[in-house]
Amino acid sequence: MSDSINDINLVDAPDGVSGAGFFATSFEKVIGLARKHSLWPLPFATSCCGIEYMATMGSNYDISRFGSERPSFSPRQADILMVMGTIAKKMGPVVKQVYEQMAEPRWVIAVGACASSGGIFDTYSVLQGIDRVVPVDVYVPGCPPRPEQILDGLMRVQDLAENESLRRRNSPEYQALLASYNIK
Amino acid sequence: MELTNENVLGKIISKFGEDNVRDAFNPDGIMTLTTNRETIIDLIQYLYDDEELQIRFLTTLCGIHFPHQKDKELCVMYQLHSLRHNFRIRLKVFFPIGDPVMPTLTNIYATSNWMERETFDFYGIIFTGHPNLTRILNIDEMEYHPMLKQYPLEDLTREDKIDTFFGR
Amino acid sequence: MATENKTAALTELEQFRQDHGLALKEEQVLTTLNLGPTHPATHGIFQNILQMDGEKIMDAVPTIGYIHRAFEKIAERRPFYQITPLTDRMNYCSSPINNMGYHMTVEKLLGITIPKRAQYIRVIMMELARISDHLICNSILGVDSGAFTGFLYVMQEREHIYDIYEEVCGARLTTNMGRIGGMERDLSPKALHLIDEFLKRFPKVWAEFEKMMTRNRIFMDRTIDVGAISAERALNYGFTGPNLRAAGVDYDVRVMNPYSSYEDFEFEIPVGTKGDTYDRFLVRNAEVWESLKIIEQAYKNLPEGSYHADAPHYYLPPKQQVYTSMEALIYHFKIVMGEADIPVGEVYHSVEGGNGELGFYLISDGGRTPYRLHFRRPCFIYYQAYTEMIVGGQLADAILTLSSLNVIAGELDA
Amino acid sequence: MEPLSNRRKQVEKKEMTFAERAYLPAIAQGLGITLKHFFKKKATVQYPEQTRERSDVWRGLHVLKRDDTGAERCTACGLCAVACPAEAITMTAGERKAGEEHLYREEKYAVTYEVNMLRCIFCGLCEEACPKAAIFLQDDKLAPARFERDEFIYGKDRLVEPLKTTETK
Amino acid sequence: MESVDLLYKGIYILVIFGITLLIATYSTYFERKIAAFIQDRVGPNRAGPAGLLQPLADAGKLFFKEDFIPAKSNKALFVIGPGIAMLVATMSSAVIPFGDMLIVGGREIFLQAIEVNIGVLYVFGVVSLGVYGLMIGGWASNNKFSLLGAIRAASQNISYELAMGLSLIAVLMLTGSLSLREIAAQQAGFNWNIWYQPLGFVIFLVCAFAETNRTPFDLPESEAELIGGYHTEYGSMKLGMYLFAEYINIFVASAVMATLYFGAYNFPFMENLREAISDPVLANNVVTMVGVGVMFAKIFLFIFFFMWVRWTLPRFRYDQLMKLGWQILIPLAILNIILTGGGILLKEYLF
Amino acid sequence: MTSLFFFLASLTLLCALMVVISKNPVHSVLFLIITFFTISGHYILLNAQFLAAVNIIVYAGAIMVLFLFVIMFLNMGKESEQHVKTSTLSKIAGTLAGGLLFVVMIAALKDSKIAGYDPETYNSQIGMVESLGKVLFTEYLLPFELASVLFLVAMVGAVMLGKKEAGEQHF
């Protein structure tokens, strides 16, 4: 590891009451922290952005610093669905199915213009944004985004994961959201 | 023999006659001929078999739609290449949109399989004798052939677009 | 959602089966395995419905179109200069080749000749793109056979290629590089410096990568005689590019129909013998060396002169003139609005893309947009042969064959 | 097949030697290479603390420039919107009223100017199309990731370059 | 056995269990770090200083991930699968002597959980059961990729067990004992078995790679072909247990290799060290403790080697793997047995 | 010790029964494996640790894996084969055969005595590798060699069965 960097943002100790000899914190926060640093992506790479994702995995950007280098091609094991590239209407149901197969908690990043909104491809065959089939947590603009931007998107998801309540996934709001996408 | 557009054209016309091979012109160095449905397969077979020409490589095949040409609305363009002589030739067949039928080329070139499927998908041209003429790129449920000029490009479900400034 | 009619595809293969002793016995029960559309080995997205007898593949039915984006339809609705960003996204591993291939097609239509310097810059960029394309393909072959590390070693070099792109055009992957009539800007001193550095550093990295893979028996066993295709079948299937050359046919558009001053450069066409995965790997490796040679020559002999053609009707005037001169402003408006005078005509132009002959068939009716623009996409054409190449092999073979074919989804589905 | 050109070169494809057949030498060689890299200097740039150098011509986030006096350069001619292949730019033009000379350089100006950053493909054609040097893609800023789709429609409030001088109205 | 002995035993077993789990946990971290370093990256460094909390983060996440059982699976077996894998993996470290003996208060404590006189066979037997975890899990998932993975795992493990057993026999011929403690004791000082059994060691090493399903033999879970193989359908902690079991297996395999071939806790000049300390009890304890350190150093080296190889080599194909096992390794192992036998006879004849 | 024996014995019988009873062949195999384990437990009670280990290695570790392997393969295509109808006749025949076997067993075993053990002559090493090997290579040499010939024959047969037919490819 290069020695020059000693000021990396390490994980901060969770807020809690630290007194003499004891340290109490909310359990949820610990789990939130754990989740934050262990987001295993499912790279749903269909086109150009997938190539930039390769760069993100590569040595120069190194997504593993965030604990996310284990790509889980099996949806059961993945935490974030990274949709990278154009999703055609033919592909839409597949995205939805993959999302349905993922276990909670799950997050979705729409990387790049095509996945987020259809981008330049405003055509009869392209789905105009994957938020039409699955709920999206974070959008990353760019066509394709630089690896920095993909990492930015990942960090936004980390923020979400860190602050999310363990019970959010059972909340009526969340169920209503899923119901609006006709999932489950 | 050095293949030139003139002597190849001469060969073809002497074989198939002036009626079947028309409108030879040369827009970009590649000789372009127009022929008809009945001749096209024989012509390509002839070009393939002829030991002198050895035009044995199908570069590409595509459909074109000319809605303003009466009874010649649809066109299929074949572009062939003789790797031996580095000679390219382009063949066109026009036919009315009411009768979008073409013979298949798959018996000569395996590669034309998907190209013909793509052409069918885009233009609805039916290649008789094709082993599996189904849509290839678009979803099966699609009801029209999108490359025909009358159909719009845009996804009609898109809401966030304002057309004022795009000059169209 | 299999769009292929299974029985039809089966009859197609019947002859092949007979030849290879693969004919099904009546009582044989096959397992259906869905390879894709999200299987990691499919990289892009296409589906292969495999019929397996244990680990042996008895039949495969490919389905494509999962990222069909209607390039050809979009091209009919956009002014000529706006199509460049589209071509970026076709073979996104080597976008500059696509960009410049398209530009050359339009230049052919417009009858513009490009100054030598611009042509040489194009050659440098196209060869860099070819390197980055081959580099991804060959290292992905390593990833799919389980050796991930070599991939990351050469990906670092690809970052350097991207740095050069970035310096030239301002983007990494979807470059939108060059304009109809030349380049959008000259090579900056920094870009020249980066190219120079790249030429010095890259050979070492590539030699190391070759050392890791080429003579490793595990890798050789995995690739030799896997997914082989004969020259005759390859031509019949319309193969071009490295995949055809691996089968032993030295067809290269750069040599047969030189464009952009390729005739000025010394290079060879590496060919293989059997057309198997190992041959494809070796051919791509050798082509990277050839590309390096070309870049070196072009870099050393880079002529002086303008980086764009003198074609005020089609090439945007310099910004400074637009701000000051009325004539330039009028040209500027005309070009941007797409009102430039486009001749009527049809042209076909092809370049040697990363995967083979990338052709553009352009019909113009004199309007602001192409009347018809058909792309000859090498991936789409040769991917048909995949079934024939994998039947009789094993699942693992199918995956390596797929990655050695370097099927780019964007180019496949258009 | 017989050669088509004189530049053909057969790739080298030797039979495996005994050492190669025995797996181990090649494996040892590979292990040597990876071990060398184990101790090499790492290539990683620790984003977000460090950033990789970007070129000056990098096409990043858009900005609407002001001129030297602080007036907006854009005259709402619409060329950028026409040139945009992604149809991401929309604007409405307005007439400059008296007393607004210090705000807008020309008589026409953009009342609203929106770029849909999710549609935008950062191709740079708008910058090239602009005859007034008003819109630029900055090399030092990237469009950030956000949570909601609506947040990506950048209006003038986020696009126009902030005034450099401290005097604001 | 006296109750105090039992107490010591109990503590020891707990310690070994803890160490096994700890090493397995941190193996994941080191795997990621080593992979990163080999690939010119820095690896996980955000969770805790230098990323040291990374395994805990993974574990925490996996524990609180939705526990999912596919609808069409065989539910009971689906749950049992990872359990068996984990159980079997943790069982096998019981007979490994991590050190010689300590003398505490006049009582001799052997640093070995259970002494059985067939220790080698015990390890061998338990390891051969590990495949059930994978098979049952893969089959119960009702997924074709999983099933293919399970079948690959089964055939691979059986095939390589044979070569492994045959390469072991040569060692056993040399040592004349099945007890690991005995074997370890015989290699005192620098008299390691590797000097007599280089070929056997290579065969054993290759088989160990195959038995632990590590690259180049990771066919049951090869990402590019089978997505995750037998654990495709597993998520949450069940997946965690599979991954854990794999790392424990690596640890055990490393320990066994260190014991059988690399002299276990023995190190050169240990007798000199023993003599240097006057008090015999203290001397014994110091040597033992250094020995424990040496043993773990050897184990870590082997674990590093496992990871190093993983990030260097491509993987085999199914038939090539079988060919290697049956046509190369087994004949080589038999040859090794014959050579060893000949060597022993020759030695007896000469001396 | 005795209570352990009875526990193991009853478990063995129960699992053996379950092998026959359970409908899912995979479950049967798993029960069979447990049976082997309990039998190994018996060996350990008899102080035959070597046999116990070998029993597990060979039967549970290898042979049953193959069983499971084959059953998984067979189960792959078809949903279930549980609907096989057994005719009444075969049921009756099965019952009869089983009953007769039972009678024969009782008749054979009714006079046998439980071998007591004598602390004086008891050899604690009787189940160990060394004594086992000695006995095998001296007293029972002929049966041992015959058994090895039997294995050889079986191996040759297996190779013949698995041999490639002309034109057929196997991996």
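Points to keep in mind about this one:
The first chain written gets the first letter, and so on, giving A, B, C, D, E and F; residue counts start at 1 in each chain.
Assume contacts are C-beta pairs under 8 Å (C-beta built on N, C-alpha and C of every residue); 3 or more make two chains touch, one makes a residue touch a chain.
What you see is a predicted model; the values in this text were computed from it and never measured.
Ranking every chain by how far its Cα centroid lies from the centroid of chain D, the top place goes to F.
Across A-E and E-F, it is A-E that has more C-beta pairs touching. Comparing the centres of all chains, each the average of its CA atoms, the largest separation from chain E belongs to B. Here the CA centre of chain C is 23 Å from the CA centre of chain D. Centroid to centroid, with C-alpha atoms defining each point, chain C and chain F lie 61 Å apart. Remark: chain A and chain B have CA centroids separated by 45 Å (rounded to whole angstrom). Here the CA centre of chain B is 39 Å from the CA centre of chain D. Across the assembly, chain D contributes residues 4, 27, 30, 33-34, 37, 41-44, 46, 82, 85-87, 116, 121-123 that each touch 2 or more other chains. Residue positions of chain E with contacts to 2 or more other chains are 35, 38-42, 144, 223, 227, 311-313, 318-319. In chain B, the residues that reach two or more other chains under the touch definition are 83, 86, 137-139, 146, 153, 160-161, 167. Contact residues on chain B toward chain C in their complex (touch as defined above): 27-28, 30, 32, 56-60, 62, 64-65, 77, 79, 83, 86, 88, 90, 109-111, 113-115, 118, 122, 131-132, 134-140, 146-147, 149, 153, 167-168.
The touching residues of chain A, counted against chain E in their complex, run 1-2, 8-11, 30-31, 33-38, 59, 62, 64-67, 69, 71-74, 76-77, 79, 103-105, 166, 169. If you check the complex, the residues on chain E that touch chain D are 34, 37-42, 202, 308-309, 311-313. On the side of chain E, the complex with chain A involves touching residues 32, 35-36, 39-51, 53-54, 56-62, 64-68, 223, 227-228, 231-236, 239.
Listing the residues of chain C that touch chain D in their complex gives 78, 81-86, 149, 153, 156, 163, 166-171, 174, 176, 184-185, 190, 208, 211-212, 215-218, 220, 231, 248-252, 255-256, 267-273, 278-279, 282-283, 285-286, 316, 319, 322-323, 329, 332-333, 336-338.
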